[in-house]
Amino acid sequence: MLLENLYLFFTSAMVALAMENAIFARSLGLSRSVLFMKTPGAGILCGGILTWIATASSVLVAGVNYLVEGAPYASFIRMPGYLLCVCLVYAATYLYTKKKRPALFRVIRPYLPISTFNTALFGAFYISSLKSFGFFQTVGYALGTGVGYTIAIYVIYYARKRLAISPVPRSFRGLPVLLVYIGFLSLAIYGLIGHGLPS
Amino acid sequence: MAMFRKGVLLAQHKEPAFSKPIVRFVNPQTDRMTIEREPPANPARAGVSDIVEIAQAAGVTDERDGKPLYKKLLRARERAVAVLVDAVDDEPYVSSRIAPLLQCREEVLGGLALCKQVAQTTNISFVVYQSITDQKLGLPRTIGGMPVVRLRGAYPAPAQSAKMKMREEKGRRLIVGTGALIHLYRAVWRAKRQSTTFITVAGSCVANPMNLEVSIGLSVDQVLERCGLSAEPTRVVCGGSMTGIAVLDRDATCVTHTTRAILAFRENKKDALFSCIGCGRCEQVCPAGLNPMYIHRFVENSYYANLRLFDAHMCVECGTCSYICPSRLTVAASVAKAKEYALCHFIQPGEETDELDG
Amino acid sequence: MKFSTVKKYRRRHKLLGALLIRNPVLVLGLDLPFVIAAATSLKNAAAMAIQIFIIHTGTMLVGRVTCTKLHRWQAIVANVAAATFMMMVAQVLVVALFRGISNSLGMYLYLMAVNAMTVFQSSALPKNAKIWPVFTGALSNALGFALVVGVVALIREYFAFGSLWGISLPVLIKLPALAIPFAGFMLMGFLLAFTRFLNKRLLALSLLETARKEARYTKIHVDSVETIDL
Amino acid sequence: MSLTANALYAPHIRHHENTRTVMGDVILVLVVLYIMAYMHYGLRAVALGVWSVAICVLADVAGTLMRRQRPHIRDLSAVVTGMLLPLMMPVSIPYRVVAVAAVVAVAVAKQPFGGVGHNVFNPAAAGFSFAAICFGVQMFTYPEPQQALVGAAGEEAVFLPVLGALDFVSGIAPTFTLRLGAVPQYELLDMAMGNYPGPMGATNILVILACLLYLVFRNTVRWDMPVAFFGAAFLFAYIFPRSQMDRLESVGYEMMSGLLLFAGVFLLGDPVTTPKRDLSKVAFGAVAGVVVMLFRRFGNMEESITFAILLMNATTWGFDMLGERVYGKIRRHRVEVFNSQKIQKKA
């Protein structure tokens, strides 16, 4: 029983990390502030906060999915429910760090909103509800999404360093060529998934 | 088997200049100059101070590094354990040290004997480059009973291993070029002031390449006329073919003490100026184990942030990366620029270890 | 180049500035996920455009209120809550308008509530922001988003499915892969590059005409302006 | 750099090999593969090659002009890409598919990144992947080469027409059979000789191996990358056979089926998109071999090797930087050795 749940947990986590990577497979949570992180440390921090919030709120989200399942107007109730869970975790994190860990608070404060109200997060919850995941799968999927998001930010940072030393045409410098680069990575991952459009 | 080897074996176009007899092409006035100080009674056992003073008076200069010879002799008298005659001509077309060593042998030996008296050591050896494939006259094992150390391997492996030899006991060895020895001998025995130097005149559009003993101060144009030009060269080089300096004004450029060769080439500009195809050959041949391709790209995009990783200060400026580059890029120039940047930004003075001192 | 002329140019072409020079997607790189993954057909594009109009304008107005009353971090929560409410309103409208849109758009229909443009622009308002500029700015941003989504959806629907608004048209060659996110990435890359090129050209042209107007520019200046690079 | 600057800098003599000779080696072996394809499938193979080369060169020139630079057709890189593309496809491929693949390869994968030598992803792999997703059916139905060989045996050959309607006997490619978990019905020797349905140029195993040897001896392809790549793939296939068969047999089928050999020689042999250092090359090749086999095992496409290669191309920069760190340590160590060396050892 426990082993089975652990298996579900890890499989869904790996799927969310590699095959259905939030950024590369579904382009979720993609914005300029994420693409143009100053340092890899900032990227890892941003992804880490997202991982924490996703994992913590997914525990509540699993409950929301369980309650909402089969209720009338489910699609209406879902989003507010998710928003409630995420806002609870967000406020808890904010206040706790502000009171107890001021140093940590000063570090994470600029990245907290970006990582919290992020399409990657809510997208992970929606996918877990569309696939009617159980508790362990939901938590695992959220965790995998967060880790995959962090890895993606890291990869994109080094892609920028690589592209900085090639004579990219002036119109393509910065965001456009980076998008083409991500496009090819996403193409490679799509070859692994095979035919199956992201919902 | 180029695929398993690191480094590159250059085709040494030393012939025909190498085996031809050395021709004197001198200015009579300067050639007649002597030193005021009367020669010692018996030059064979002249005193150390005499030799040093004569060398100073005659203005004998080492053609390896333009230093006056008497300073080297003074340093050698204090603390020298070995004397090394540098006849390493590893660059193609250049044979201006090895040819005098083989052709005016007794003069070299006489000069060497004087150095031996100064340095008070018996540890004497000649250093030559063995991988000269196209020479007609063979390299002897010993010259005057003294061993001839042969450096083998790809260019610039000789420079590398010579550095290995020279670095340990830094400064405690006397390294002289053959030209300096010959001039020292002449100064002591015939009281002649050094007014000439040995150079090689060769290249793809020189009519009859040869080794010359020319007066210092003659212009490059005169020397080239002496040997004749078969075609109008697109680049005239003063110095070695790999590390020399291109001459812009042939009239204004003169032969100096340290000029080793004057080369005239004619190249077709068609196969030039492609963009880098990233073949990575420059990294396979770099003797210092550097990564010239990335250094070149960083420098071209003026993105110096990552250069710290690439140890550009270890470059030995041999020019192999540019030589091998199939796109004819000026990689070596970029690496030199990066080396300057690294030396003034990343490296504390005294940390760089690749300097070759005599 | 003189910055005053640039400002003059932007003042002159206000709509153009909203659509091209300060376009939220093409220039600021906001809301990329929806353009890249969801804009595969004109109907999706229309639905998302309607949604963004309602959500963005409404939330910006709410944010104008909250930014004075609350702290920044509370304001964000309040704005996202408002955006979610707007999303539900818009969803009613959209689902009524387009049949089967909830299947074709999937979760992106709901994720509109947390799109980066709305969340961060609404919570980054200054305390003394005037109400009317906020409203017009929100409208122009929504317009810019609608334009980009429409263009991308047009290209992708025509070349991927050989149809426009569900009506099948003759097409030389069908590339179904264009409907997949990776093609969306590449398409957006090329669209961004094209927009930059266009901005450059437009700015150069306007500089040219200002230069022609102003007498102190000589012929040489005009020529140099013609070959301007930004 | 202008010519005058080029004329100023040392060194003043250059190696005789230039970009054209480097690319010319690859083109030479590709011509050999086209001859083999001609013998198997008739004139259509050559026509496809010419068509694709034309499209690639045109797109390359257009892109270079858009970047406001002088186009160098003489560096032949677009020609190599154009010759690689059809060889990875079946001979029955429509011309428009080849055109799409060529345009994607040059205009999307190569030019936006800065043109020759700066493309991060292999253009041929990118074009092939895009076409494989768009036109899955045409890309993976392979005609029987037997038609050609019958013609060689004396009866009249039934080649595919260069233009016009295509009707052909489609064979079952080993990649398909292996993905189903069954054993291909072709003899290993037949596969080595190259008469089994498959991509146009990738089926002539022995010829491709000869090409690899030639390229290695010409030092166009460094020897250690293919060794590491094929070694890793070999080990993977030996340890985890995909279907119920003898391990060595599975190795044979895995190595000879599909594009693995072709990609290992020509796509990974492309110096631009692979690491430069020998150590990085070895590590890259080994990882690439494992990733390729994993994609084969778990991927849903019939031929997913080009996707794996695209994924690996993205990691090239990381491999190079890691190799640079390692070699930096080696350099510093060697300098210390220089400093503490005795002349007696040398002389």
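Labels A, B, C and D are assigned to the chains in the order they are written; within every chain, residues are numbered from 1.
Simple rule for what comes next: a contact is a pair of C-beta atoms (placed from the backbone, for glycine too) under 8 Å apart; a residue touches a chain by one contact, two chains touch by 3 or more.
All figures in this text were calculated on a predicted structure; none of them were measured in a lab.
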item: Per-chain CA centroid nearest to the all-protein CA mean; value: D
item: Longest centre-to-centre distance from chain A, chain (CA-based); value: B
item: Between the pairs B-D and A-B, the one where more C-beta pairs touch; value: B-D
item: Whole-Å gap between the CA centroids of chain B and chain D; value: 45
item: Chain A and chain B, separation of their C-alpha mean positions in angstrom; value: 63
item: Centroid spacing, where centroids are CA-atom means, of chain B and chain C in whole angstrom; value: 66
item: Centre-of-Cα separation between chain D and chain C, whole angstrom; value: 41
item: Sequence positions of chain D contacting 2 or more other chains; value: 108, 112, 115, 118, 130, 133
item: Chain A, residues touching no fewer than two other chains; value: 161, 166-167, 169, 172, 176-177, 180, 184, 187, 190
item: Multi-chain contact sites of chain B, meaning residues that touch two or more partners; value: 294
item: Chains grouped in pairs wherever the two touch, ordered by label; value: A-B, A-C, A-D, B-D, C-D
item: Touching residues on chain A, where the partner in the complex is chain D; value: 155, 158-159, 161-163, 166-169, 172, 176-177, 180-181, 184-185, 187-196
item: Contacting residues of chain B [partner chain D, same complex]; value: 2-4, 8, 10, 82, 92-93, 125, 147, 149, 161, 163-165, 167-169, 234-235, 237, 241-246, 263, 265, 267, 269, 271-281, 283-284, 288-291, 293-294, 309-311, 314, 319-320, 322-330, 332-333, 353-354
item: In the complex, chain C residues that touch chain D; value: 173-177, 180, 186, 189-190, 193
item: Complex contacts: residues of chain D adjacent to chain C; value: 96, 100, 108, 112, 130, 133-134
item: Chain B - residues contacting chain A, complex; value: 294, 297-298, 300-301, 303, 306
